[in-house]
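Report on the structure given below.
To keep things simple, chains are lettered A, B, C, D, E, F, G, H, I, J, K and L as they appear, and every chain counts its residues starting from 1.
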């Protein structure tokens, strides 16, 4: 890739869920995107949500991501 | 589904149009998404627009939705 | 198309990159979308970014667009 | 109207109030705009407020709209 | 109440859920607030979400409201 | 006015400028609106800007207001 | 209080109304919160609204505040 | 005009449409405003939209502007 | 709980503080809410702030959360 | 300065703190900027925060400003 | 530069003014930043404003940019 | 420092990059700011971005921070 040459990227929104933590939820979503999309280049964390169990502990993090990849 | 297990959802944006009302425009968009996507789980109304006829009456509602479904 | 009849549109987010300028970056993204999607109807410019070369000149514009088309 | 020809629209903000419901408040505002402005083309619902009576029931909906019409 | 005299209001956020529609979800939330808070004066709809059933139909609307009442 | 009866309000945006302070700038804008519009009911302060003189002191406040009045 | 030790704060939204001015409306809301909540620590002004009398003068300021206090 | 003297401006929202480009759409809207309003002072580009023709090319730009002018 | 049945939730805003990290600050806030509120269901991270010690290291994270629970 | 000639401004963010009031906090910040920057031209109030003393009175206002000045 | 290695960037806000057009205003701001800062890497257009001359034509564009560069 | 005494703070925007995680990226940015600015007091995380490697794993986190320090 050279700066200045014509390129097009697409951005999609995915939600990664993990019981382990915020960064694990990010990686869960990216692993899925990696399998179905040719080549993910970068992401942005848009929102961080979560569910609380009956014991008052975080049972899972739900991280909303924007994920971008080049259209070839 | 159990809270805490790894899952990934995708969110897309659709616009439902209906001459009958806001809730009908929501349902029109969801029916379309239901046919093409495996299983829509939830939605959010992002914007409500509309067109006005020559008689000054609402001729249609255009409702922008975010629609989410699980990637299996 | 008649106002008032049920229709559904989908909106996706793409990023057009061009070394020539903002409007050229918009057109680059739309040309790509036109090839892969049946019929793009309208777009909205959401963000305008760019890269700067070692000479302090804009080397490229990166324009984030929302692009909408009808689901048939 | 042909796409590509020069045109100018104006957008104003009005608030429609109705005791009957959200869509009725939209129509109340548009009917008023229709009488005083030549030709309203489209609208957007920006906010939905309301008042609550002593019995705990919604006594009225107050819907804030952006309304657009062509300047001829 | 006279304009200009010192008063204080409190605003809380509630979510009304209903299988019947948006306005019914608003009323469900206000009825609950009416029972526990002395006197609700006005509200604002902040977000409209919903759940979709296995049949692709809206199974419920979830409406996020800001509700205000005077502190006496 | 009774809650529940159909009414329509219009909201316009004005900027009041005053060398004396924020509240004086608000009042300057409202006095002007009062002369040209039948009956202003309420306002909202949207932004507060200002100019700084050569001595480093605020030379004026520029307050952007939304002003609403009933359409009769 | 020492930085680094576990603490929890709660933030509530109140609206102070005063015929005298913006800062008086802030203080009116805080005085009320001070009586009912153990110890208010800080606040943020979120919105400034007001009502206009028949003479075109500001009859009162309505200031929306976020107010925070420690949960002990 | 001297800084510090009382003045009032009004801001309106217009949409300029042009098949030639973004800056031409801005100028189209300003030319119209110039004819009907005494003296436009400044503007802000709020949104940039557009329509796409059957050939996948931008058929027109629709630029939403805020335009301000002094009330004398 | 069945989708479609009437329910009401309340959302409050709390700030969890921890010297250990972002997720620990979230859990600190939730533990407190769990003790005083019957049953917290979900949360959203709204803002992440922090304090820096004299050594230039993060001395604590302050995480602003929205926390929701059902009103029974 | 003539409109149309090339110029560049820089905008920085400062927080003015004062025990006397909002406008005094603005002036405190501008006086500081005036001493260290060549020539401040205009400002915008972005946020208004404050601290509350043990007596429930505002002990200080903290006003976040954007301040702009020309780069020569 | 290798992805994954520790780096720090700084982002500043500048306003470029030009009588020629939007892209010329961007370049005017970047040229100035290039002279005073070691190496500008990328930018984002945040707002586009302008001034209108007595003839109703755009006399200049004022483009607000965020500009980022690496701290070495 | 005593509440109520005049003070001025400055807020700047920095981006910390780390291959280890979100909190490490925060600390990387703060360490840099600590070396060049007299005394950083607090920060806010504004955005969390990242880059994805060819293996689909997060190669680095890029955290945008606002960092504040007192002007003496």
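Note that in this section a contact is a pair of C-beta atoms (placed from the backbone, for glycine too) under 8 Å apart; a residue touches a chain by one contact, two chains touch by 3 or more.
None of these values were measured; they are calculated from a predicted model.
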I need the common contact partners of subunit A and subunit D, sorted by label.
B
Number of steps on the shortest touching-chain route linking subunit A and subunit F
3
More than half of B-D's contact pairs recur, by residue number, in one of G-I, A-I or F-H. Which one?
A-I
Equivalent interface positions on subunit B and subunit D, same or different at half:
different
With chain centres defined as C-alpha means, what is the inter-centre distance between subunit F and subunit G in Å?
22
When you check subunit H against every other chain, which residues touch at least two of them?
12, 22, 33, 51
If you go through all the chains, which pairs of them touch?
A-B, A-C, A-I, A-L, B-C, B-D, B-E, C-H, C-K, D-E, D-F, D-H, E-G, E-I, F-G, F-H, F-J, G-I, G-J, H-K, I-L, J-K, J-L, K-L
Using the touch rule from the top, collect the residues of subunit D that touch subunit B in their complex.
22-23, 26-27, 30-31, 33-35, 39-45, 67
Subunit F-facing residues of subunit H, complex:
3-12, 66, 68, 71
Which part of subunit G faces subunit E closely enough to touch in the complex?
12-19, 28-29, 32-33, 36, 51, 53, 59-60, 64
What part of subunit F is in contact with subunit J in the complex they form?
21-22, 47-52, 54-58
